[in-house]
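Two complexes, one shared chain (subunit A), two partners (subunit B, subunit C).
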Partner chain A sequence: MPAETLGTLDILLQILQRFMPVWIALAVTMGGGYFIRDRLGQFGRLYGSRIGLVGLGIVLFWVFTAIFADLIAVTGPVDQLSFTAKKAVPGTIDAEKGVVLLLGGDNLARDIFSRVVYGSRIVLIIAPTATLIAYMVGSTLGLPAGYYTGFVDTAMSFLANLVLAFPVILLFYLLVTPEVREPVMVDLLLFDLPWSIPIAMSAIFFLFPIVFLCLLWFTKYEKNKQRLQVYLGVTLVLGIWVYLGLVFNADPTGLLSMDPNELNVFAAVVFVSSPAVFRVVRGLTMDIKTRDYVAAAQTRGERPWYIMLWEILPNARGPLIVDFCLRIGYTTILLGTLGFFGLGLQPESPDWGTMINHGRSFVRLASTAHIALFPALALMSLVLGLNLLADGMREESLKD
Partner chain B sequence: MTMFILRRIGTMLVTMFALTFVVFYLVNLPGNLEKIAKTEGNMRMTDAEVQAWLDAEGYGRPFFTRYAEWVTNTVQGDMGYSRVFREPVAEVVGERLYYTGILMFWVMIVMVPGALIIGVLAGMREGSPLDRSLSVGSIASTSAPEYVTGIIFVVIFSSALGIFKGIASTRTITFENFTLPVLTMAIYGMGYIARMTRASMAEVMTSQYIRTATLKGMDFRMVVLKHALRNALIAPFTVIMLQFPWLLTGVVVVETMFNFKGFGWTLVQAAGNNDIELLLAISWIAVIIVLATQLISDIGYAFLNPRIRVS
Partner chain C sequence: MTEPILEIEDLNISFYTRKGEIPAVMDFSMKVMPGETMGLVGESGCGKSTVSLGIMRYLGKNGRIKSGSIKFKGRDMAEMSEDELRGLRGSQISMVYQEPMASLNPALKIGQQLTEVLTIHEEISEEDAAKRAAEMVGAVRLPDPDRIMGAYPHQLSGGQQQRIVIAMALLSRPSLLLLDEPTTALDVTVEAGIVELVKDLAREMGTSMIFVSHNLGLILETCDRITVMYSGEAVEEGDINTVFNRMRHPYTRGLLRSIPVPGADKFSRPLVAIPGQLPLPHERPKGCNFGPRCAHFRDNVCNSHEIRMHPVGSEADRHRSRCERIDDIEWNAEVDAGEIGEPVVPGDVVLSVDKLKKHYSVSTGMFGGGDTRTVKANEELTFDAREAETVAIVGESGCGKSTFAKVLMGLETATEGKVTLGNLDLANTAVEARGPSTVSQVQMVFQNPFDTLNPSMTIGDQIVRVLEMFEIGESDADREERMLELLDLVKLPREFAKRMPRQLSGGQKQRIGIARAFAGRPKLVVADEPVSALDVSVQAAVTKLLTDIQRESRTTMLFISHDLGVVRYLADRVVVMYLGEIMEQGPTEEIFAPPYHPYTEALLSAVPVADTHVKKRHVVLEGELPSPLNRPQGCPFQTRCQYVMPGTCDKPLPERRFGEGHVVRCHLPAEELEKMEPVIVVDTAPTAAE
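Here is the complex of A and B:
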């Protein structure tokens, strides 16, 4: 059936036009950032490095795309158009609704452009959050391992190496088989809680942010009782509310909940990345604890946890921020890998990995290759942006 | 040194036990066993029938007895029977490892020299335009995981240009159908090794003895080849060995994508079809490969770098 199509130039122009909110937001932040660059610390110095600036631009592009996804996307992420959109080449105009399929349609007649745009939202929520949680787990364990060394270190390093020696894909397969992840309700006298291995794992991992923050407040405001109570109270109430809602789907107000698939993905990704973070933090701690200001704090009689959290950690922030950027990229790749094997989110989810998985069987024909190509390019550009950003920051921090 | 190696092998064995135990536990969860019973028997079995089938097959015995039995059998070389391939596991694994071995061989042949040359060229004059462009190139290559480069390559070279094939068969290994999988795998690791080589080369180039060599009037090419290269290649050696676990993930992605029926493809088949004995064998072999390469990398590093002396 001969459907109407647009030329390549028209497609490009229309895409540029659809991203208009992103261009405006980019201009405002990058331009505005230039004027206050002296006050932005590590990020402000990026203006001296071309590579870093390009990376920042790409990352911000995807961040704003995720924020303004509703304005940019033409259709919803799972909306199906008419049969003319099925495997349509880029630029096809849908016969029924008159929608232009800027990047073509997939085998279920969904608009690839809109799906890629909405996919950025999923990727940019899961990847940084999972990395952040992995960081809290890794820091809470890596700091004492590097600070005390000895038995604590040996035991924890052994565990970390254990996880790192495990082939990632096998782990994913084992964790997300339907039989393993099926929650079982456990009766705990007062209330029932769902229970499965991924839930148990997330129950442990999600505890770390709460513990980490509580330790942070406790060591800092130990003498200032009033402030400590406020900080601890807020952290605990909010933390336990989010914790119950996300991990056990047992939020009393019913506001917070997480799809079981998403929870599995979270658990799997955090499990794989936290040992690597542990190693980085442990190494940095071992290095920094020999500095004079740590010795000064020890002489002052500060508690070990105060020294770790308020003397060592802030001074390790430079390399840690760089590593954080790299690791978000790596987490994005992991998410894609999960999607590629169909282990990740629901099959209709527009995240890039799942889209690649759907499109990869059509990749060998030139006329349908775009189904997998565009999400793949999107994923690559985001990771490239993060890597360039990290590289730029490292170059700048090495200059002095 | 002997003590060091012995201790590392000891740790390796403990790690092996811990990991196989975890895998054994996960694949033997009640849900998985029920699925096996239903695929082997019939889909409409009642719970009692499932239980009877499991008891008859020996899955009903205590967990630790079965784990101990599995360990003794494996140590003796009997890895059991694959339910998917209808062959003894040892044969399946041996054959598939051979195919993957061929793939890996070519990947290494392409990846290692390529990465070292790029790294040395970039690190030899730090900050030069050549360095800048090669560095950005290596960052780009580490940003594209196998499933992205694979798709891009297939689209360009197979769908659009038709030079290479998008499918790699294990039976006929030709330039035409082997190029894309090998390139896909090599590119991802190449950037990483190249960056390590560049960093180590750049560091060596600033050292005193290189300055001395340059000052005594030696040709720049000779300085690089005769003095810098040897010391600059110690660090990348470790990285190359540590790439093996990464390559393992890459193997699974690439073999699935190109339908190359090797070790990684078998892993997906075993995991997807709940083939317990095959899956167990695959996991311990994978873990052994990872741990052995770590060991070799440590020993090699201590051996190559005289400053490191293991007590």
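Here is the complex of A and C:
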């Protein structure tokens, strides 16, 4: 019995309707932003650039999709429908539950539309967070390299080049290998900690945000002991709690934990992106350190780290924000690649990379190609949006 | 009457930006006759460069000529086709820009770039073009034209590059030469040479020139006529002597009164600052743009309608002014300078510099091997500075004054010698090792106001940070209060504490820089050209503020400058440096009068003076500043000195002492030094009355 299907126009209308919360949110933010654009700095300037505005629109679209995923999605991300939904073409109506499969169903009779919508959640949490950590690692190393130059710079740049020259694919395969991935419990006298190469890498990378923040507070409030104690205390307690929970799955309260697969993803992404961030930050530092306000800070006896974090880094933010947007795009693609290798999250996870990986065996037939096509389109549009946004911002920052 | 080379009528140029249309030039008219040199003077943002770009029809994407006509030799340039214009540019009208390196293609040899001008605009063979180019290189007085023709731009010094640019501009014998701040990037002694050259060449070739500059002295030395611009409008136009002596616009008068002239000190010719600051292009007032800053402003007269240029005197005078009250203002009124400060009585010696040396070693080989050569940035500096005294350090770029400042601030440590401030040793203690009390005792005011404040921190936070670093104040609230007091001190409103640096003008930023330097009640403040990057009309106010605070707090100030006008105006003593060595030092009055060191003599002669009553003796320095890598034996100045005595000058320099603390380090015998004639002579006629 051939299942009932909707026409293309109906599908489009229904999709538009499902995204209603997103349209409303978009209208409110972009419209509201227009009125306060003078106060938004770099982002406010985007209103002068059509390309940048389109980019911002696409990115915000996915952000709101992630936020309102529960309202938009028809089914849960892993809900299986009846056999009619199996590899169903877009617009098929499920025979049992009467659910319209707007973008068709996959080989396990799950609604692709809902999965793509939920997938945005995973992508939009992991990609920016991983990029942010890569930024903290890259900045913490790039600032001193650019500031001191000389031996420090030579050594660290060499290391960065080494990492950049390392074949990424090989690294990914390495991380997928069960022998490498499976944590081994190590007895540390007082308590046991899981140990594996990805965990070791994450243990190093996740340390940087804590170090970064502590340096930030220490240099700023060194002479203001009271505030310093508060800021440092909060940072250290929160930081170490999150650190133990995420990296070693050893949160004493049991609230925080991260799937080993996710940890893998973080380790891989940060390892690959931080050398590039390092280079950008190093170059900007070399440029900004010749300014008079840096000399002024030196002549009033500021510590080098104060100058790097408070005099140089904030003034490099323009190009860094642009690079950050671009890099979230790269990271998103990287997540897709990782998912494709099966290094992504759990196999049933609706992240776009994993979905493409699952759909790839059906691409040969025109009637089932959509299983891989729609997550790929979603991935592409988000990356495109981020690139347009970055381009728009760069263009506007060059104008006067 | 002959036809003018260039005639501009009612020109309006606007730029279209994010903020909408910004009028850059309004209602501008100008006539340049053959062989005439027109000076276009004004502060930054007044539209003078836009006019010159408008003449070239080269306004970029955002700029547009809204109305008005520019006629070149009687033909309206608006009616010319793009091809015609291209044929005109570079052959009939040439332009020389500020930055010589930006005007030359770094990848082509000088010879190629010069011959190209001729082969493009004239049908002429490559050989003939090369021959004429070489002649022109000789004409701009560059030695060894053949070598220069084969050189790349980076192998020449800044002055030589600018001479090449001028040669290039003059190659096709243009009838109009536009010079846009051609010497601003160069040192005074080099500038003097270029100005001399341009004047001579224009006279020989009969070229008309438009000389754009912010420097009134330079305009006075080069031009026949002058147009003064303010905020997009020409405010006064006339013959150079008329405008300088019988100005009929309050802005022109204000400008002339706010620049110090080396011929006069603060008692004979006090500086008067123009209050306020330039209006932003989109916030111009109705009526007279200068109205809000003008002492003669009358409500309903100056702000009721658009003000046109009014002729002054007869038509033949060609003197016009954009002032409604030409006939009402008492133009010869005495300058009201406010109270003139009593001369400060210097106290004990605070800073003593003894045989300070700072050498850098430079290794030439790869991987740090190869020859190590020494750059002697400072060579045996010895001088003292007393409490509340202002000591000026004068010299051209590369003379080691910035290195000396770095040693004082602890950013570098000395190679040899001693610098003591009270009982603190500064020469060998880097800033990290100094501790807050010492650091706050030695502070600096930086040169570039746009660079001196952290752009992403509020003004208040930046000052509070300084107070924190100097361990001043008990609590956050206490420091906040002190920060506001500092804002009062530099005469800025307290609301500025919440502002970001980008919301401040250059002069206001420099005031913050001063507040920051004086936050810890320092004993010594090093001011590195603190006003040279500011607009002329603001300079006087900031200079006055700086000296007032310094005198009040009895701080010793080291004032690093190349502007001898300012130095004469505010320094008590002067130290003249050349190539890392002190050539002459002494009380200001004695430095500005014979006996001179030959270098001081050349320096004084090179400074353009904006006063028609000052007569200068011309001493133009030949040659270039030697590289500090291979400085001459003995006297460093011998390669450019007009009194050079072969065989004597390469011996160690003797010190010749005259009067109270006046030391000249020169091989010339004292009697000969004393026989020198004064470089600057002031006519006895009073300045403003005529």
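Definition applied: the second predicted complex is superposed on the first by the 400 of 400 C-alpha atoms of A that agree within 3 Å, B and C clash if a C-alpha of one lies under 4 Å from a C-alpha of the other, contacts with A are read in each partner's own complex, and residues count from 1 in each chain.
Note that in this section a contact is a pair of C-beta atoms (placed from the backbone, for glycine too) under 8 Å apart; a residue touches a chain by one contact, two chains touch by 3 or more.
These numbers come from a predicted model, not from an experiment.
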item: First, second, both or neither for A:L365, with subunit B first and subunit C second; value: first
item: First (subunit B), second (subunit C), both or neither touched by A:D292; value: second
item: Touched partner set for A:V383, first subunit B, second subunit C, both or neither; value: first
item: Which of subunit B and subunit C A:F158 touches, first, second, both or neither; value: first
item: First (subunit B), second (subunit C), both or neither touched by A:I125; value: neither
item: First (subunit B), second (subunit C), both or neither touched by A:L238; value: neither
item: Partner chain in contact with A:F341 - subunit B first, subunit C second, else both or neither; value: first
item: Partner with the higher number of touched subunit A residues, subunit C or subunit B; value: B
item: Partner chain in contact with A:F166 - subunit B first, subunit C second, else both or neither; value: first
item: Subunit A residues touching subunit C - in the complex, by the definition given at the top; value: 45, 48, 223-224, 291-293, 295-302, 310-311, 314-315, 317, 399-400
item: Residues of subunit C defined as touching subunit A within the complex; value: 17-18, 409-411, 431-432, 434-436, 439-440, 442-444, 446-448, 451-457, 466, 468-471, 476, 513, 516
item: In the complex with subunit B, residue positions of subunit A that touch it; value: 51, 158, 161-162, 164-170, 173-175, 177-180, 182, 197, 329, 333, 336-337, 340-341, 353, 356, 359-360, 363-366, 369, 372-373, 376-377, 379-380, 383-384, 386-388, 391
item: Subunit A partner contacts - residues on subunit B that touch it in the complex; value: 11, 14-15, 18-19, 23, 26-27, 29-32, 34-35, 135-136, 139-140, 142-145, 147-148, 151-152, 154-155, 158-160, 166-167, 245, 248-249, 252-253, 256-257, 264, 267-268, 271-272, 274, 279, 282-283, 286-287, 290-291, 294
